[in-house]
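Chain naming follows the written order as A, B, C and D, and within any one chain the residues start at number 1.
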């Protein structure tokens, strides 16, 4: 065995729950590609009658590549009415970070990438402010300053989309990017844009959630990472976390505690997405973590 | 010193924040009643310019009782525009528990009372179902079965209020009581009715919050204890807690995890209320815990 | 299909990790018993080269029962050097609760059983004190008072073992039972005795862990449920949880907070054990939850 | 009133608990310096009979400075046998960060300082490795590379102490500095050296705590920040936090989760220390937060 011929991949499936599914999938992989199953995880949504599966496998089969797999798996997929995708672990994904003036999430993601937590290529940083430039330069990530005003919003989005296209971006991370993306932009990257919202959704959607939480007198504040959809703050939730607050926490301290939460929920979402651990359906997510 | 003459009390104050407040209050207590300060806690709401204080003290002064204190403290209170109350630790408070068919909070409160966690007199249990009767009898708490229908709601409330009055109830605890109280009822016990809502308020107000949380795909579920006001689920929050859920938690398991949260947040609220640790203002609470 | 012929069972396996394991197991189940896989979960310990699997399945195969399964599965088990067990969901397990004077865990377990959280038969309660008798009677569980002194320890254990034997006990739960069981007792119920220790193990083993935690000035206290082994407090950990404490928590309040943790970690352990979700190996546990 | 004459300060006291303490302290401040009390917090250790107090106040009194306060307060302090200190909020404290090769805590502290979370002067970074130099330069903090071997340990400590002396360092933060400081070094900065240990102390003291936690099979991992004393990992605990782990967390993922905890507990400790919110006694801490 030469190491060079060994490939690993992740197969993600959702479909109506039916008898024989697990065996059919496992047998296909074993018979077709003589795989070694590294990890197999499944889940049922009893209420909706849905089945979800994630299989991570290794194979040394000569003929294994994405195209051949697609062709070979198609009949089985059709038979069981599967939504499915195969992700090969060969090339790191290209990621673009969007940020405005608050840099804590960006700094955190950049440091984690440097530490080796994320297996990806940080291809570029896009911002409507200049504040993030020094951090970008320190981490040697190309930085694009694209200021957004009322008049040029459409034009800037075209520039942004061209950049994403040019760099073959797989994932867009909104690391506290304070502009609302158009439905057209969102549609171009379905389940490929992750945002962090600084509240425990669905509480306190919209602007200034910390102010709203403070005014309501909650005893825990939260943060939420989610896929962006056309409806603001309504996309499938990926991760949430909370921290305890008390009367001793006036607004600034509440915001400070919130920053820690934002960092955590966003970085977990990014890592799970990069590891192909997230399946999204019916505006919810299944996390195979 | 004979132990019998020693009295302890708690003084709770909120008022506009002004220089000299702490000294004025402490000096009054020392000079008037030669107190031993057991605990003094204060808090400022910088935004609203408000000051909050809780002083727990012991005194052996011969003339100390609630009435004499009220008279003596009044001038200072007026000078600083205080909202204030004094709570003597002599007599345990009378508590009434309301419950419907879910008994987990009731069972928990009864057990905690038996264990000695609550310093109070569990005077009676009121329910619109018979389910709680065995538990009430096991704990030797008088049980009143008052079924509520569409037609007799007003009449039942009159009966309930009469019972509360007769037993000199200080605190009403809604331990999963599934009927909405009328504004008249609520007004009769301002900041003296504690409810538990099975969501992380303000998310998922109203009926079936677990179903709503499940449908939204949140990653944490919560429970909230709060004072009841005329507006449903909008009263001052006393305590909140959350638990992690995943796709493995279908509705029943989510409800089961929620029960643990409900028990915790309700019992903490009851204990803090009984210990006079809660100050409520502007639809928020200050917890001196 | 008649509902009466449908059986569900759980298969638990650990063995050296080898290629083809998943497929071999799944195919055996499908070909032999035409199963419907309700849940399949696996785990690898990369360091130790071990493979773990839990499969929950349903079958309507006429010949399916525990004995026939054992015979049919044996060759495959041997081939892959499996430790394995099959658990049929037909009969509820028999559980015996041991308790001393602190009743909070017992009361909690009894209430959860009543609520339907545990699918088991609470066969008996054994105690070295009389305190639990009223609770036992309220819940209609036979109560055995077996006081333990220095001289009669061996004799009492014999009585206890006879009781367990007589009631065909599957699981012993030490719900704050303050006597140390002999190695002989422990050996009679391997991985079938669950204890709750009131600390975050391995910190504060032995007696009076809350006192030790208070003296050390920790900022979080914990509780741990674990399988009992011959070495005190050293068995495989099943579940742990913690709560925040501060200088405001003197010993009594620390103990009170601890009680909530004990209830939670013990009840989770019991539930997972009853649902056959725990695999124990190398003094650790794998929880398929 | 000119803003320039207004000074704020924090008074921290511990002493035997005696009647009249609070009034005596408050009255001294009001009568001597006509203070405005911004915050007053007290605590009793009932078991040890100790009293603790933190008063944050503002004054415009002409004669107020540290020296005059020391002289004026001394008689009262003596009368009540106080340990006490006064901290004026005028000059930011000088902080020195020690680090080895793991940079996550350092990067976090530097970013928080940049964000404005810490009110201090980051005077220098000392390391036995070169790895942190780029980060230090990016944040414009002087960097001193002092490699430590078996032979030069004493000599390096002399250099380090000289640097701390030269920069008038108030606080030393060991941000994953993997060398053990000598008792002489520790004695030079009593309660002024904060360390982060990557376990939930007192569990897993010493080297490789994550490995030990993994081997023991704990269900939560922790991190602890504490003041350094002559005894390794035995100093007063300032803050602790934990994260849930499962069988899915092999060692690398456990270490990654731990890094997040280390950042949190260390940064909280640094902030509380800088804000004079920590009182240490009897190898414990009181946190006025």
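The rule we apply is simple: a contact is a pair of C-beta atoms (placed from the backbone, for glycine too) under 8 Å apart; a residue touches a chain by one contact, two chains touch by 3 or more.
The structure presented is a predicted model; accordingly, all values stated were derived computationally and were not measured.
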item: Per Cα centroids, the chain farthest from subunit C; value: D
item: Approximate Å spacing (C-alpha centroids) for the pair subunit A, subunit D; value: 37
item: Inter-centroid spacing, subunit B versus subunit A (mean Cα positions, whole Å); value: 42
item: Overlap residues in subunit C, where contacts from two or more other chains coincide; value: 248
item: Chain contact graph, described as a line, ring, star, complete graph or other shape; value: complete
item: Subunit B to subunit C touching residues, read off their complex; value: 103-104, 107-108, 111, 115, 117, 134, 138, 248, 256, 259-260, 264, 289
item: Residue ranges of subunit C touching subunit A (in the complex, touch as defined); value: 19-23, 26-27, 29-30, 36-42, 44, 244
item: Subunit C contact footprint on subunit D (complex, rising order); value: 43, 45-47, 52, 200-204, 216-220, 222, 236-242, 246-248, 250-251, 282-287
